[in-house]
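I have a structure I would like to understand better, so I am pasting it below and will then ask my questions one at a time.
A, B, C and D label the chains in the order they appear, each numbered from 1.
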């Protein structure tokens, strides 16, 4: 149970971080949507605010009035229970509400939330909903970063901006971690009092075989060898869907890579930079991760192997886990489909739509990335995207 | 021949008007591109500036340096001779250069143009090119207005802004104008010393039959009768392409019309307003204009009939032409395809691409609209769009 | 007025010719539809039969019963007044009715038509409708040939079949024909008692300037020079729509041309053959015809110039017209949009939909081709297709 | 090890069955391809023959000459190692080779295979390849049936034909089968000497929880209750991708269902028939199966639960398995993604492409259907399709 004061502080800190991410944006950067997957930054700022207004303030704060009656329509995402959604593809056509209007919306809601959190007697259910809201906003913080990168990285001027993350850092020398054949517990332990998403619940047993996960992520240097060997031109390495994707889109390198006079550069928040050979490869699809693994004669881990290895590492030395496996810089593609754990139940109501309905045709990623907000990940966390997506900070860890 | 001083004044006046049109925009309104036909306002402001920089200053003003080396790529439109064009559909994805950057670009170019125009000894060719630039910018002024309307008129908040035009005004009682069977001269007379576009040149004879053009444009009230009679549901009134367009897009009324509780409203720069029965119908496609005419048992005029009638009217009473025929509030769809006049020649160089290459699958519109800059039209002016386009201020005049 | 006996004979001869065209087809060739523009041969055979059943027998032949109640749905084309049309794109998915079933349908309708024509007392209106039906079937005969060519010419086996036409013949030396500036009568003369389509009616005056049409069509040899000069790679020659078409479809030569080891071959009904340098170029779009003309520094004629020249030629020597101008081997692209003549009126009823509703975004072709049935063309005949279409026997005549 | 004589007999029996399936087709039915998923029957007949020619005769039968040099191009499917594949969507445009030509190809190859099988000394590898070929042809036999059904079931004449299967039979009363929590062996046992596909290999342990599978498949009557309750109109039952699929395609019932005057009919090989309430529901997508299960408050089994239950049932009474669980009439959608078993290895060469490269975005189906050839399934068999596919004989078994 979180103390009330702490909760308010936590709320304000999380909310402030969303705005810190956008600190160096021009007004225009908040508005555009170059592809359907990418939302305009002002939409993220509005949508997260709408969550607080809709699920906390309107039903629970007496006398609260919505900031603007049409914002519910504009900033709803895919919660079909709350109202007719805006088609995601249309978000980038909306010049209004303005950025200033969105910040005013945030200030208004924050003021009311602050008052509400410091005065209300919160039921356990409401606590849980607020915790969900904080984690929801943190998820959008990572998307804010990746969406801003996409917007600027596809502008012919390739502008640099300040962003409070370190994108490309060489790894420490890691040590492989082995798991032994046997039964493992997978999923979030409900005895832990801390937060998790619904898709992590349903702790259950799985049977795993002997496996060793590499202690380091695949580096840009490793991946360049794949490119130079003609990896993108040889169908043998690729899943059928992956090969079709490579050809339909003319894929020849990770996202944001540009070849200039024979040298590879990549767009970063510092502008166009030479590709750092020592840093972990980033912005690859699962198709690319899988093809790279096949080319190397190995495979991607399953999400279960990944979690068991993480627990194994923690059992040896809790403090050293992140360091040992170099976790946390890239979301790591697994070869597991995103499916329900045994006993998974969709919660009632709009919030219940949270995760279950996406359990089709998506792939699980584990770990965290340089863009993940502090404290937002854990060994049981299940991130998921379609296998062709690569605008997140995605990378590759192999089974040895 | 325009006096030098006058030309500078004219330049500054035209340039200032582009900015006046945008006076009440929010920064965000400059950025978005909801459909391919509509360009972001900041693109129009940059593109017209690029014209002056590329065709006047860089080749003619000694010591002039381009404001920014990448702007040529960003603000080029379809001039294939000058460089690789930006796909029109991509313009709305570009948050940079910023609006402030575009205005700085304008100021920089205006300062150099001002200096150039007041000091250079302009050759006749250069004069002609500057006149073309002024008319080019005026064309974009009309597009600025219609594109801003599209951007705001498709925002769920339907915002009102100040715009220096009167969109919907009732017409004066007009008088039909008849032309008698015989030979007519069509096209711009090269003995006139004033400006025209290349597509108006090649004055030539056409043979016309007795025809009478209505003295008034079709009104919203007239058009409502068509809607109410089931005009959009009966294929008999429609061209085959038009009927396919109606069905593929679910068309049921002119653009910007919304039915609320049985009453028709339309979006205007003053926000959502009841449809004014007396004002000329606006924002209709040529398919709709043609279907309406068939439903009424008549037809649209050809561009030749239109021009002959305009000259006829002027012969009777020059001053009264606009009033008599109520010209100037709507671009009037004709039933003429946009094709070259006899002897039409494409000019050499990039500017030569101006008009000729669009002479396929487009329809001529004659007259002018409430959004047309003052002095930018004339009886020989040939505007053209594909027959399904209706975000311009387009209307209907029938043959009686 | 056609004598009754003659009409029956004429009917049977036209009907037989449709089947002669298909004499060498395999059953499978009747079924497929590789692109939307191309209809399966069995559909043409059924659709033309449906015309006779629907417009002649059912309303006029007492006691006639439809051959099959569902055939009206299957073989209707775009006559919206008669029933819900089959989407053209779906025709190639229909394995039933079988080819044998379609021939049985033809035999059944022919038997009843034969009886009807020899016994009924035909009103002038019915005569006119029968004449229309004969001309309608002849139009489909040309489409049968071009559609069969498309089906076989896009099969990797490139099969040869017997087809009663000579596709590629060298031209005789033609003589240019000049018309003098002045007024010309255009359109079908209603004093002539013979058949014409509704779009030819409305004989009217046009004013033309001095023009000379080439006496020969552009040859494959001429066109090869355009290809070799990089004509398909230089945007300057092309209409904007044409250039987009070239690039979107990777166009590099006329349809059916294949380059093998540096030599150009083209698919013909005799299989793959070397391109005949002396024969008129064939299977080009209007975009290609227009680009070729620009590259040559000239232009395509208008449909009015074409018709005036044809009449001019006939005035000199009626018998020599075809020979002098080498007319009849290729449909000749004009630069005229397909639009109504003055006074054009759409007829009432389903047959009235015949031509008028296609008067948008299509271009007129004049003359006739090697695939045109004997007696099916005349100087006033207006054929029309969208400018990107080239599976017809289309060619190029320049203005000199 | 199969005796040589038996192998020849087996070959001839399997080959004959492919032709038996097509016994009642018209030539035209062999040709069309209404959607990309459906291949023309003549393609299946040619492609299976191409397998024998390419993988057995050409490399192993001395002096064998290919029947036709271009058939490899025409009848290849997706084996990228053998040659450039024909786009699947293009198969339905090919009128040649004719059906008679394909049967001649079959006869030619069968004659040579017969000779080869009865005279050659087959190595174990060649035996294995022949067994694979037989199973490959059996897979296409099921596709032949489902593709023929699609072709005829989407023809407006809805023709009936003879097909040697019983599509819709009421089920026997089944008994639920329970599995107890614990470790289960999954996958084909390599100690068994019989055939399996590569995707079944890698027998391994999985940990399962207590589960009970229904003894009967969901019936049409059950499913009608879902339809009548508004199941297709309520997003809460659906996966996000499924809901998008329902709306984009206007889905309101299983494939082949038509509502006529308030009653539900479905297309069968006997023509249009009233839906049989007692028969198991058929032709549903996994989206529909999943939505139905949620509506019923339960879920689909995983492929591991299914296989464990099948083994469990067999342990009790081998003979009664099929009867008890009513297996074999519908492929049963699971909630398992199609992914590699531990230790899965792609074989070398073209045949190695067989299964591994499809392990992305597909769902496993277990069991068999009325269209599955005799002896072609087993408890470890893993069928797989994308979750939106429903032209196979797919059905639903729930977890109780």
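Observations, loosely collected:
Note that in this section contacts are C-beta pairs under 8 Å (C-beta built on N, C-alpha and C of every residue); 3 or more make two chains touch, one makes a residue touch a chain.
A quick map from chain label to UniProt name: A, B, C, D = Ergothioneine biosynthesis protein EgtB.
Just so it is clear, the structure is predicted and the values come from calculations on it, not from any experiment.
Shared contact partners of subunit C and subunit D, listed by label: none present. Centroid analysis (C-alpha atoms only) places D farthest from subunit B. With centres defined as mean CA coordinates, subunit B is found 46 Å away from subunit A.
Chain centres here are Cα averages; for subunit B and subunit C they lie 37 Å apart. Each chain gets one centre point, the mean of its Cα atoms, and the points for subunit A and subunit C are 59 Å apart.
Under the stated contact rule, the graph of chain-to-chain touches is a ring, a single cycle where every chain has exactly two partners. Residues 26-34, 42, 70, 73-74, 92-99, 151-152, 154-157, 159 of subunit A are the ones touching subunit B in the complex.
Every residue of subunit C that touches subunit B in the complex is listed here, in rising order: 78, 80-81, 183, 204-207, 209, 235-236, 238-243, 287, 290, 294, 299, 335-337, 339-340, 342-343, 346, 357-361, 387.
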